[in-house]
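Across the two complexes that follow, subunit A remains constant while its partner is subunit B and subsequently subunit C.
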Partner chain A sequence: MADVQDTIRERAAALLSSGEVSAVIGWGAGRFDDVRFPLVVKRAEDAGKLVFDASCVQMTAKRLLEHTGEGKVALVARGCESRAVNRFIADHQLTRDQVYVIGVPCPGMVDPATGETLKRCAECQVRNPVVHDELVGDPVPEPKPYRFAEVDRVEAMSREERRAFFDEMYGKCIRCYACRNACPCCTCRECFVEQDKVGWQGKAFNVNEARYYGMIRAFHTGDRCIECGECERACPMGLPLMVIMHQQVRDIDKLFGPYEGGGLTDSGPDPLRTYKTDDIEEFM
Partner chain B sequence: MLLKKAKAGALLDAIAAKERLFVPADDRGTSRFVAYGAGVEPRFDLLNTKLPPKDLLFPATETLYRWSRDGADLAIDSAFAETDPFTVFGLRPCDMASVDRLDAVFLTKGYVDEFYQAKREAATFVVATCAHPGRACFCDSIAASPHEAPTADVLLEDAGEEWVVTPQTEKGASAVEAWKPYLEEGDAEPIKAACDLKVDMAAVPEKLKGMFDDPIWSDIGDQCLTCGTCTFVCPTCYCFNIDQDVREDEGKRFRCWDSCMFTDYTAMAGGHNPRASKESRVRQRFMHKLTYFNDRYDMNLCVGCGRCMRDCPAAVDISLIIDRIAASEPAQEKEAMAHA
Partner chain C sequence: MSRIGVFVCHCGTNIAGTVDVEAVADAARQMPNVAYAGTNKYMCSAQGQDYIVDIIKEHNLDRVVIASCSPRMHERLFRKVLAEKTDLNPYLLEVANIREQCSWVHKDKQIGTPKAINLVAMAVAKADCDTQLFTHEIPVTKRALIIGGGIAGIQAALDIADAGFPVTIVERKTTIGGKMPMLDKTFPTLDCSACISTPKMSECEAHPLIEIKTLSEVEKVEGYIGNFDVTIREKAKYIDYDKCTGCGMCETKCPQKKIPSEFNQGMSTRTAVYKPFPQAVPSKPTIDADHCRMLTEGKCGVCAKVCPTGAIDYQDVDRVTTERYGAIVLATGYELIDWTRLYGEYGGGRYADVISGLQFERLVNASGPTEGHILRPSDGTEPKTMVIVKCVGSRDPHKGVPYCSRACCMYGAKHAHQFMDKVPGGKCFVFYMDVRTPGKNYDEFYMNTLHEGARYIRGRISKITRRSDGKLVCLGEDTLSGNVVEVDADMVVLETAMVPPEGAKKLAQTVNTQLGPEGFFTEAHPKLRPVETNTGGLYLAGTAQGPKDIPDTVAQAGAAAAKVIGLLCKQSIESNPMVAHVDDSKCSGCGACVDICPYSAVTLVEKTLRENSRKVTRTVAQVNEGLCQGCGACTVACRPGASDLLGFNDEGIMREVEAYATR
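Take a look at the complex of A and B:
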């Protein structure tokens, strides 16, 4: 990955010094060797601060939205970030010409806590960027691992077991909203949880408020989720959020399919928001 | 006096037979201070718990009063209640230092928060020193020490197989008196560990006063997601909101944790938000921790526990931020240079 890192730095420096982009979004090095963080580089002389290795665990794309409007912005994009770019375009958050995608085929990242493949990478369906302006490194094979094992387990539970599973899960949630803030689908200017005057979301901390938050967020992102797994990775309390997201993708596939998840193209389809006037359902 | 670690269980049982007891323990894949009882396995080997002990004194949600209406009759009842004595056993020196900070906020400067005070007075804090500080621990260059906790009621100094038990307050002395059957006479050499990670705070609170418009805040803002993780896992963050739960003829007012990282935290009636940008919220967090609090209470609001950097989804590292502030040119000098 050292070659890839060198090329990313060279390309970032070139794009910044030519003025083609106003910023490059990638990763920087933290205090410890296994800690990387989302870094926005704005000057060519800082391009050397960009790193790329197996510790780049964060899905950084959300930062794009904070910098569009300042000129074209470059994003170092693996499979997950590239799907997020498509997501943003389909959701009218940005236009294709506002972003320069430095695509990087992804070998999968390592979870510093366990030394094993990061969970979101172990479930990843698309390692090669689905959209890019240039590609750094060679395409990697797509193992397309089975990602529904946990969904199967929860589906097989009795009603009571499932209730207990979700009670335990949301009983841990501290409503920090890291999952929302990291998510490329959560782009509402004002999230329902902050609409205080309406008061959808109570401020108290308890399992009901947490479950309510989690369910509404799941439905708001359901047919758009790009299955990047960043919500689950970002969650400080270790909630298995992807159970819900994967379940929705599979349900959509069964009910409206074929469907493989969001962000594969920049125009949807987003099955739950797409309708046809000749739909066989009478109410349509 | 010594307490053999292998015999701690019997002592904990004895304490729990008398009053509520909280110990560090695993909790559904995370860790926090848990009420000791059947099935609770204390984890004295954990350094500091995932969630800090602050909720024992300052619950995440706490009802202040209730009201009800019956026709024209309105009843308002305070939810204040005295707290029965309880013991927190095995918190770390950084967490004890965080209690000092909460005390300053809730009990000094002319206002005593009775809800906090009731719990604080009921609490006995038993602090266990850290023989092996973690890589993110930097208490001893900012607020505390892995091997001391001057305000703890009882200090348990780690000596390997046992703790050296020293009462440090009256409350602690009577606690240790009651523990006698479980303690042993004798001496052991406490492990006096030091943190590897150090920060240089000396000039930071002053320097920050000239850094309101420094580019550091937009850099951190680019990195940060402005979620609430760091403030919720922080043992010293104490910001709260007061909200209500209103039903047809009854309701309650409660306070609950809030976070300066949230946009709605500073949203004002009429729609103005003085801290609408990420960088302004990020600046607030670090200014509060590293200079504003120092001005008011003469101590840092960060105790160096390392929780925020461990759990931040964007790997924002307060120790690196302190380094950068410490290395920055003071604003006046910068200005002088600009004019030179």
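Take a look at the complex of A and C:
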């Protein structure tokens, strides 16, 4: 990975000094050896601050949206970031010419807490960037691990067990909205939870409202989720949020498939927001 | 604080029989914001309307809830009352449906009354959120487009053109006329079908306001009621109609003579340059590119040599034009079900003497392949025994379609009559499931056929086999006597089901309207709006909407024409204000609404907006109010709720749910 890191620094410096891009988004060193932060580099001489190693656990793609309107911005993108770029384009939050994608095939990151492969990387379906302007490093194999084990477990539960599972899950939720802020599908200007609806969605802690938030967010992102797993990684309470997202991907595949997840191309439309005259309508 | 008036209708005993209307009014008086509640025997009557108007003035009401029948029934009427006789905006009205959705579905007041109270409570809660809505004027292009040139399209075109509006008929075949000129005589009067339809065809051709585009199809429809931009592809005919005089020389000399004639249902042949029948309109031939040797192999050119006016043009290409129309009539007609594919037990098309009803029409027609003599297609002899099988495909959910095709009982009786009339001593057996003859002089016609000696046997034919002597052995059951029946027939006529024509589904997508489960176009309301669709400015005529016979088709075409004329008479029309509306400040321009809109009414546009006292240019969604039908698909697809339906805003619906849930 050291070679890759050197190439990223070289390319970032070249792109910035030539003026082709106004900023490069990647990772920078934190206070500790195993902590990395998203870093936005705007001067060629700062390119040396970019880091790429097994500790780059954060998804940086959403930073792109903070720099639209500043000319072309380069993004160091792994499989997950590249799918996020497609997501933004499909959601009309970005145009392809606003971003320069430095693709990096990703072998998977390490969870600093356990020293093992990060959960979202262990479930990763797309390690090589699906879109890029240039590729740094050689493509890595795509093992496509089975990602529905947790879904299978919840599905096998009895009604009561499942109820208890979700009660426990949302009982812990503190509604900090870290999952939403991390999510590349969440690009609304005003989230539904921030709109006042007396009696429907308040500010106070309440398991029902937490569940309501979780379920509505799941519906809002269900057919667009790129399965990056960043929501689950960002959750300070450790909620198994991806079980809901994976379940939806599988259901959509069954009902409207074949469907492998969002962000694989930059042209929606996405299954649940598409009008087709031959849609299933057995309830009509 | 709003001042809501609640008006509960008895509807005679329709509502009052199962709902205690006085109790509903009493309960309404206790509901928040309700300033008045009362009842009336018939709220829609002139006296009931006056009552509403008086109370609004007397109690200074600013919102109205009428608890009565379905809003589909009288909402428009009550809106009109508010608009014309009070100062209230007509959209500050809610109708609580306590008839169709309450009194009619319940049997006793114990259940009906509390449910009616709940429905009123919901309407009261929503009324409080209602806002004033205003219509605006949409200009109307005073031209109509008719898709399909059968008798329905012809009738509609003539009626509209006679009212003074230009009409274009788009027909995908080489002539207008549809199926009617193929028929021999029409029930119940037995007048000659061609003699009454071909004059109408030539009337269309001669009419100064009617333009006929044959071999043409509608490719794209954009726009909305009053202003449809329609792209029409007129396929190459390879003949310059400005030069062609229709002399027919090319037809007589064309060496390709073995092509099965569609008009004669494959029972005769035609040439590659052809006119399907002598009275075709336009009365000029076209070249069938699939069979012309010049166009397929590049050699021949006989027609070009013999044409006295030099009208043949082998280089002719398709012409695509886009024009604007105010209204569109769908008169796309029907096809007969392909029985050969479905009914192997009737030979599946292997026996030449098992024919369809339409083939029989050609056989018995004086202009047909046998000049009106009923002769067996296999050997040209006159059949002495004929079997007619009704409901082939119709009322057969397993193999065919579940519905009744409506016309077959009558033309089946007509076929029996014609056979016995033309073949002295001929025997005719009609196998039927039921005999359905509702219509003026219809049953009399059927009874007459019975008296002439047609044997009606209630039951289906289970199998037809051909014996070595050429006889068709029809095995069936007489369900009235319970006996097995075997008839040795010389010819069998299958009265097959009407099905939607090929391409109906694609056309429905092109014009943005819905098909029912059987594939026929759906009318806006089966009783009250039978010739309209749910898409404004789009009307239905004839069998495009469902199986029907010629009298019904012509009547419906006239009705559709009346609706079109009513629209085109206006200088402008009022828009429906209950459409989607986008709150720019919440819209992130994600385009979910654009993808989900069934009417292509939403587009993304760049807008300059003021945000935090700064000017910013952003992409946001915009609704075309002419195209929007107010279905609400975008409002549920919109995650932050930027898209809202005026008249059905999220707030109002939430309040309705709350009102119900908290009672």
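FYI, the second predicted complex is superposed on the first by the 272 of 284 C-alpha atoms of A that agree within 3 Å, B and C clash if a C-alpha of one lies under 4 Å from a C-alpha of the other, contacts with A are read in each partner's own complex, and residues count from 1 in each chain.
Simple rule for what comes next: a contact is a pair of C-beta atoms (placed from the backbone, for glycine too) under 8 Å apart; a residue touches a chain by one contact, two chains touch by 3 or more.
Note that the coordinates shown come from a computational prediction; the quantities given were computed from them, not determined experimentally.
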Clash or fit (per the criteria above) of subunit B with subunit C on subunit A: fit
Subunit B versus subunit C as contact partner of A:R36, first or second or both or neither: first
First, second, both or neither for A:E168, with subunit B first and subunit C second: first
Partner chain(s) touched by A:Q93 [first = subunit B, second = subunit C, both, neither]: second
Contacts of A:H220 with subunit B and subunit C, given as first, second, both or neither: second
Partner chain(s) touched by A:R9 [first = subunit B, second = subunit C, both, neither]: neither
More subunit A residues in contact [subunit B versus subunit C]: B
After superposition on chain A, the shortest CA separation from subunit B to subunit C (Å): 6
Of all residues in subunit C, those that touch subunit A in their complex: 505, 508-509, 514-515, 585-592, 595-598, 604, 619, 633, 637, 639-641, 654, 658
Residues of subunit A defined as touching subunit B within the complex: 28, 30-32, 35-40, 58, 62-63, 66-67, 168, 171-172, 174-178, 180-182, 194, 196, 202-206, 233-238
Complex contact set, residues of subunit A against subunit C: 91-93, 187-192, 195, 197, 199-200, 220, 268-270, 273-275, 277
Parts of subunit B lying in touch with subunit A, wherever the complex brings them together: 27-30, 50-51, 60-61, 135, 197, 219, 222-223, 225-229, 232-233, 241, 243, 245, 254, 256-259, 262-264, 267, 278, 311, 313-317, 319-320
